[in-house]
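What follows is a set of structures for review.
Each of the two complexes below includes chain A, the first together with chain B, the second together with chain C.
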Partner chain A sequence: MANAKIEDLRLPQAVISRIIKNALPPGAIISNEAKIAIARSAAIFILYATTYANENATSKKRKAVQASDVVHALKSLECEELEKPLLEAIEAWKNKKAQKTEERKKNKSATAAPDEPMEETPAE
Partner chain B sequence: MDMNFFREINKHQELPLARIKKIMKIDDDVKNQMISAEAPVLLAKAAEFLIEELTLRAWIHTEENRRKTIQKSDIAQAVSKNEVFDFLIDIVPRDEIMKSRSVPHNNTSTNETEEYYQLQTEAEAETSNGQSVQYILQYANNDSDTTNLSNSMLHLANGQVIQATQIGPSIPLSGTPGQSIQVMTVGNGERIEIIPVSSSNE
Partner chain C sequence: MSDDDTESATTSTPSKSKKSRKSSQSSPEKHSPTKEDRVKDYYELPLAKVRAIMRTAPDVHNIGEEGLFAMAKAAELFIAKLAQGANNESKGKQVKYNDLATFVNNSDDLEYMHDILPKTVKYRDVKHLVEQQIEKDRLHCRTPNTRIPNSD
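For the complex of A and B:
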């Protein structure tokens, strides 16, 4: 249906490559073609999960797709084992965001700060 | 210590949330919906897991074939072997399907005198006198239905390969007296009967 758009919306190769490389044992190589296939698969997965999440949101008459909808969608995609690490990831993200806003406040009070904080603390 | 530090930094390089939100908006039903800020974060993480899972599953097939490089076919195999990846079957098509589609299919022939099936067997030696010999090939286990014969390859025990390409309509097989019928048994229990037919323009 929206195939043309999907072609446009490729996920960044560099990030995909890094994730793949970290997953593989040292010495393993991946062909470019395979890398593209994986990147496309990831994009389709996001789209697919979104559709499920949206269904769940509309069935509950909500106007926004929430985190719980995404978790629900992943459950119906038989990815239950992902729930725990995902909830951890969202906690980490929230912490990071809170830290960022705090830093921004500090920076603003000190000088006319740039948009992005200089240092990002690894949250994991 | 240092390695861990770098790994932490590497982990920080995540999939861009804006891009993920764009992908989510491709869905026409989601276009008018609002997306909470957490949803792309979750999907980014989930997509990361999917990439890792798919990569490792493909790597299993790469190792099985004693290669060091993951090919697209390994991913196709990983997708087809795991039900979780069912939704990717159209995205990463299996190579075999592609190959069978590319086989040229000749059904434009209207010439009755053409060979119905082209056989490459030792019987070709009989054509040394310049006369062309025609063969009709039929599966003996199912007399009425020869449609499944199109584009089939038969491997005989002696290593010969018969390629049967259906050109014309299948014709009923009737043993004419005086003609020798050669019956070959193929490994899987199917039998092939070969009957020489004289050329109709003779």
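For the complex of A and C:
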């Protein structure tokens, strides 16, 4: 990724604003400066966490960074309180994914069935 | 809670079905997810950006789909943490940059962020410091200079 531009590594401001808005109690106002600072620190957090996660993956002789590595990285970054919500999120995401694959399989078998009613209306 | 289990979810999913999705209708539930969904499996940060940032870390070979999601979610939680911390520090109507800096610099578990979010310093104070430094340097320089003619 030598050709990555700095602008490419900036997280979108609108999304950051939305996350901040959801995290704060309703009615709280946050200055633009603070938002930008949070966006930058989030990018740096990702970078640090990736470094730790990657270290953990390498120590276990894996090449791909997995969710467990990210959870481990949070420990290294002393963000233990984020661990529980993250684990919950991963669990929910996995379930959702499993559900999706199940659905896709179901749809596939449904389309493969020969006596599926056709949508087209017969021409008159 | 688990009364609206869909037929497809019976195989492996535990009883806590977080979204009452209708498997028959392919309606996209992108817009207006409730707050509970957001806490669980909803992510806001664009995964492509997160991946691009992750790739800049040294020696990263491969990023699994699961790892990517986990990182995006972790970053999101981190943003929320910073925002809440800054909000607790703020005294006025608006959460300012300095509230954020105070929160980060006061918490020891965010030590790696101290250099990234420094507290702002007033120009007056910096000017004062610089003047003091110059004065000190001048005194140090002068002492040998003034002594030399005296000793002669």
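Here, the second predicted complex is superposed on the first by the 94 of 124 C-alpha atoms of A that agree within 3 Å, B and C clash if a C-alpha of one lies under 4 Å from a C-alpha of the other, contacts with A are read in each partner's own complex, and residues count from 1 in each chain.
As a working rule, a contact is a pair of C-beta atoms (placed from the backbone, for glycine too) under 8 Å apart; a residue touches a chain by one contact, two chains touch by 3 or more.
All figures in this text were calculated on a predicted structure; none of them were measured in a lab.
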Contacts of A:38 with chain B and chain C, given as first, second, both or neither: both
Which of chain B and chain C A:46 touches, first, second, both or neither: both
Touched partner set for A:110, first chain B, second chain C, both or neither: neither
Which of chain B and chain C A:95 touches, first, second, both or neither: second
Common interface positions of chain A, toward chain B and toward chain C: 1, 9, 11-12, 15-16, 18-20, 22-25, 28-31, 33-34, 37-38, 40-51, 53-54, 58, 63-67, 69-71, 74, 77-79, 82, 85-86, 89-90, 93
Touch list for chain A against partner chain B, complex: 1-2, 5-6, 9, 11-12, 14-16, 18-20, 22-25, 27-31, 33-34, 37-38, 40-51, 53-54, 57-58, 63-67, 69-71, 74, 77-79, 82, 85-86, 89-90, 93, 120, 122, 124
Chain B - residues contacting chain A, complex: 8-16, 19-20, 22-24, 26-30, 33-36, 38-39, 41-43, 45-52, 54-56, 58-59, 62, 68-72, 74-76, 79, 83-85, 87-88, 91-92
Touching residues (chain side chain A, partner chain C) in the complex: 1, 4, 8-12, 15-16, 18-20, 22-25, 28-31, 33-34, 37-38, 40-51, 53-54, 58, 63-67, 69-71, 73-74, 77-79, 81-82, 85-86, 88-90, 92-96, 98-99, 102-103, 106
Residues of chain C touching chain A in the complex: 6, 8-9, 11-14, 17-19, 21, 23, 35, 38-41, 43-46, 49-50, 52-64, 66-71, 73-84, 86-87, 93-97, 99-101, 104, 109-113, 116-117
